[in-house]
Amino acid sequence: MMDKTLAVQLLKQMMEIRQFEDKIMELLAKNVAEGGSHLYAGMEAVAVGAISALRTDDYITSTHRGHGHAIAKDGDLKALMAEILGRKTGVCKGKGGSLHLADVSKGNLGANGVVGGSIGLATGAGLSIKMKKTDQVVLCFFGDGATNQGIFYESLNIASLWQLPVIYICENNFYGMSVSVKRASAVQDLSKKALAFDMPAETVDGMDVLAVRESVSRRVNQARSGQGPSFIVANTYRYYGHSRSDPRVYRTREEEKFWRERDPIPNFSRKMIEQGILSQEEVTQLEEQVKQAIEEATEYAIDSPWPEPEELYTDLYA
Amino acid sequence: MREITYRQALNEALDEELTRDRAVFVAGEDVAIYGGAYGVTADLWKKYGDDRVKDTPISESAIVGLGIGAALTGLRPVVEIMYIDFIPLALEQINNQAAKIRYMFGGKCKVPLTIRTEGGAGRTLGAHHSQSLEAWLIHIPGLKVVMPATPADAKGLLKSSIRDDNPVVFIEHKMLYNTKGPVPEEEYLVPIGRAEVKKPGRDVSIITYSRMLLFSLEAAVSLEKEGISAEVVDLRTLLPMDVESIVKTVKKTHRVVIVEEDCKTGGTGAEIGMTIMENAFDELDAPIKRVAGADVPMPKSPVLERLAIPDPERICQAVKEVLR
Amino acid sequence: MMDKTLAVQLLKQMMEIRQFEDKIMELLAKNVAEGGSHLYAGMEAVAVGAISALRTDDYITSTHRGHGHAIAKDGDLKALMAEILGRKTGVCKGKGGSLHLADVSKGNLGANGVVGGSIGLATGAGLSIKMKKTDQVVLCFFGDGATNQGIFYESLNIASLWQLPVIYICENNFYGMSVSVKRASAVQDLSKKALAFDMPAETVDGMDVLAVRESVSRRVNQARSGQGPSFIVANTYRYYGHSRSDPRVYRTREEEKFWRERDPIPNFSRKMIEQGILSQEEVTQLEEQVKQAIEEATEYAIDSPWPEPEELYTDLYA
Amino acid sequence: MREITYRQALNEALDEELTRDRAVFVAGEDVAIYGGAYGVTADLWKKYGDDRVKDTPISESAIVGLGIGAALTGLRPVVEIMYIDFIPLALEQINNQAAKIRYMFGGKCKVPLTIRTEGGAGRTLGAHHSQSLEAWLIHIPGLKVVMPATPADAKGLLKSSIRDDNPVVFIEHKMLYNTKGPVPEEEYLVPIGRAEVKKPGRDVSIITYSRMLLFSLEAAVSLEKEGISAEVVDLRTLLPMDVESIVKTVKKTHRVVIVEEDCKTGGTGAEIGMTIMENAFDELDAPIKRVAGADVPMPKSPVLERLAIPDPERICQAVKEVLR
């Protein structure tokens, strides 16, 4: 039977991400948050399930839609929220912002404004591990759209050739901005792309946190024990538009409804309650607790100072 | 004259050229159904269909490659790279192929390709969505580089770019899309390679382009109140640069401030400055000043982002310094 | 039975290429030809077989090893030789050189100094054809090494997605400069790379001009009739080193011998003689004829004037 | 002192650093078995094995990506891009990732990556193997850009680059590999960011770098015979630029010729010139002249290639013009 601590951890992180993203949406609407933010709501099971399969000394690389990964990789809600608002107390001192959340000390090698931009880095981190002979692994996240970028293929080839401990996770939410996988990729089953590199691949239900966790765990174990890289496609969905102004003309309300019904959070809660691992009350409590934490983080961020003008020129060279 | 936005002006240019010439087509990420990340290609897909307005995969290098191959074989592609920050992904194709093919092949072919892209800061999008990389592009012989600041120039120059038989990189600015200005209803072209004095003046020349034109004009208005008459020159095209217009304004005012949004070191302003050095040194009564972007990646924080690029106040200061 | 005219054409072109390359080697050694030249000797059956399957209005794109393609695509030996020597009478007026042989009027969209650099262009030419609804096709040549470049994958995806009339031909000579396919690619069967794009693929004996011709003809017919792109891997070998100074430490003399024995030219001659299509005498005559042509081309090139200094600045803008 | 070639000097630098620090490794196309296209990594593979000297697939973008990821996680990669002409293939990774990561992440990490590459004309290799693209790189804050001209500088600067905690693009020149010069036997470093006066002079300053140093010194010798004393300054590092040394020489001679091999428009010389404009305008007795590469793709033909880049004669001419 499932461990209760784990159930709480998974559920709590998913709730944190969802509420964090809902809060950002609210702050964007109020112009408290400026600029864009690509929100992770709907996709929580992927980041949470996958990263729960890691040790704390393992690495991840993230994407332009990186809040979820950052939270799941032990991110501090306050420092993340402050970063997104561009405050001095942000995890990157307000210099990175939503698109560049990173915390190398915690193994998060960073979100990335460039689609596909971190796939090479992840591979390099894998090389580093292999050369240092530690038994860490790297989880490399990217979207379906990113699998059309040259560096994706170049990197998978090298990882497979050199048998690097990298798990490549494609978060297939069926669209790259407005362009569906149908209109962007010659193959609909994205796991086929690994065939070009003889890399083991599989597709997993990205709305099911346990399924993701299980699949990633297996691949992590392989990578840790020197069996090389793998490619996992997690089918999922993003609930919000690509950006705030996106009217979502490229997809139907029915399709959205279909995926809303598979919402990873209530589904996992329900399952845990059914299995007697958590009570409804505990779930409600957890939700409240998370709400509290998000409110605190928001307050913290809003009350935080802006960077000093001098900081424009600091942190450039080591 | 009617006033429309920079965005609409660009949209009209594309629409008119698509109608005028069957060889023209538009391709890029999210240009079709979505109408472009900043709405420039809105409704064109509905009007012209998948065949002439094409969504592409996220494959910047191949997008430009496609455009070159199509241009080389008789079409007039207009491809879009969503942010200039992603131009480096396609730079091998732009630099080594698009710009060089004609010369390398002894002038026996042409590459009538337009690459539309968009740059600049102002929306607190951070270091990967706020760059100004035009300086790289002016260092590529064989290219033309166009950077309009007003809706009228945007329309007239985009039409000229599409009709040009050479590869043109056409750089829009994200903070200009919503700006409005007078744009003729009738068809017109703005020639590539000609600067324009956007405000005449006597005491100092402010030489600039793209969004910094707006800040420079603002500065000029403030300066006027203090009795300083600044001439504001909008380069509009960066390659080929309009040396004649630059020399003319220097001969008139003898003092120059260059205003550019890109990072100062190795930026476009350096070339503008040296052009003056080489063509009008004896006309200068004071050293040229550059007001430029800070030499840092663009920080996210709005307070730092504002400091990282020129503003009207700093332009005024620089003007006063060159007048001292 | 095989058409005699065709046999003569194929054999003659292969001989032209071989002798052309041997001549360049000689000119390089004498410093009459300056700079580098990547020679096509050994690989003749690929260019000749493949391009013989085309109409004259079809396009090709070529590589850094482009002499063979240029000759096979109706190139003028004199103009090509003069180009390699940097003369005014060269096909590119001496501005391109060995790495940039091109003749767009004859459908040769050019050699390319950048490995993989022309794969995008080929795809664009395919798009052009599709949009103009002519029934031309594009043959896109590149090496095994080029299949590790991002643009290769990006382009194949688009070609398959849009069903463009492009035949991608990988000239697999088992090395990219000094790095063997074994050390560079996660798959040894390079045709597997097309699996990532659901693109039909096959491997052919690149030392057998008829086998190449047959395979390419079939794919050309498919492309012409709207059935989209395909990927052909032609296994072959380059006889010379990568460049003049290359001591070929990365491969064995035995391996070279193995491939020398499969030399496409004597093998094809023998076959034609055995089948009674050509006589030994005719073959010898042809060889003499080609020798004559190469000598003439060489003399022409050497006697040709250099470009005028003013030409430095011409031909840049249209 | 013993004399060795630029190639050997570089090879020694790599060898010594590989021995000194287990975190250092070398990766790139043909760097292992072949020893590098120009022989710079010769024999290192035999000595250090596949683990520390790695042949890679032809994947420039991923090669640099690999280097960044490895640097970010504790190693000191030295990756090679065979020709600077292929740098654009990796420029997204260099510009957006390597150079910006530390700043974007609030200074909480470092990227001790060295990217070795090689540029320049002179071997009639045509437009894809002869470029000088350093001007792009100096426009990328967060990078350092090093371009040594002599064997001694090559060795000392490569060692410094490898030990530097920032991403460094180290640009060699194909025409220098066989040049010889004195190189100390004992270990030494040459600091990044410092120019050097390679020949003192009184009448005019020739500011240059990389191969053009050799042509400039040749020119200076000819000029000396005509009674003109030229000071030749070798920048060695282009980013950060040694403003102090530049100002010093200008204050001494009051006349400047900049010699650069890259295409003139938007080239490195423009930044050097504007640096003088901004820091020593009043010291100038004549306009600065640039002697630069022609604004064309590099033509194959040896007769055109020679014309496309500066030569000692044209440098002498320019000097005489600024002395008029």
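Order as written gives the chain letters A, B, C and D; numbering starts at 1 within each chain.
Keep this in mind: a contact is a pair of C-beta atoms (placed from the backbone, for glycine too) under 8 Å apart; a residue touches a chain by one contact, two chains touch by 3 or more.
The model shown is predicted, which means the values in this text are computed figures rather than measured ones.
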Handout entry: If a chain touches chain B and chain C alike, it appears here
Key = A, D
Completion exercise
dist(centroid_CA(chain B), centroid_CA(chain D)) in Å evaluates to 30
Practice task
Would you kindly tell me how far, in whole Å, the mean C-alpha position of chain B lies from that of chain A?
Solution key: 36
Problem - Rounded Å distance between chain A and chain D, as computed from the means of their C-alpha atoms - result: 40
Completion exercise
Where chain C touches two or more other chains at once, the residues are 92, 94-96, 100, 112-114, 117, 148-151, 154, 157, 161, 183-185, 316
Exercise for the section: Give me the residues of chain D that touch two or more other chains. Expected result: 56-57, 59, 61-62, 85-86, 89, 92, 96, 103-104, 126-128, 141-142, 296-297, 299
Practice task
Chain touch graph shape: choose line, ring, star, complete or other and state it.
Solution key: complete
Practice task
Please give the residue numbers of chain C that touch chain B in the complex, ascending.
Solution key: 59, 61, 90-96, 100, 102-105, 109-110, 112-114, 117-129, 131-132, 150-151, 154-155, 157-158, 161, 314-318
Practice task
Note which residues of chain A are touching chain C in the complex, please.
Solution key: 148-154, 156-157, 160-161, 183-187, 192-199
Practice task
Would you mind writing out the residues of chain B in touch with chain C in their complex?
Solution key: 25, 51, 56-57, 59, 61-62, 64-75, 77, 92-93, 96-97, 101-110, 112, 141-142, 144, 165-166
Exercise for the section: Can you check the complex and tell me which residues of chain C touch chain D? Expected result: 34-36, 83, 86-88, 92, 94-100, 112-117, 145-146, 148-150, 176-179, 183-185, 246, 249-250, 306-307, 309, 311-313, 316
Handout entry: Partner chain B, residues of chain D touching it in the complex
Key = 85-86, 88-89, 91-92, 94-96, 99-100, 103-104, 126-128, 133, 135-136, 138-142, 239, 241, 262-263, 265-271, 273-274, 277-278, 281-282, 286-290, 295-297, 299
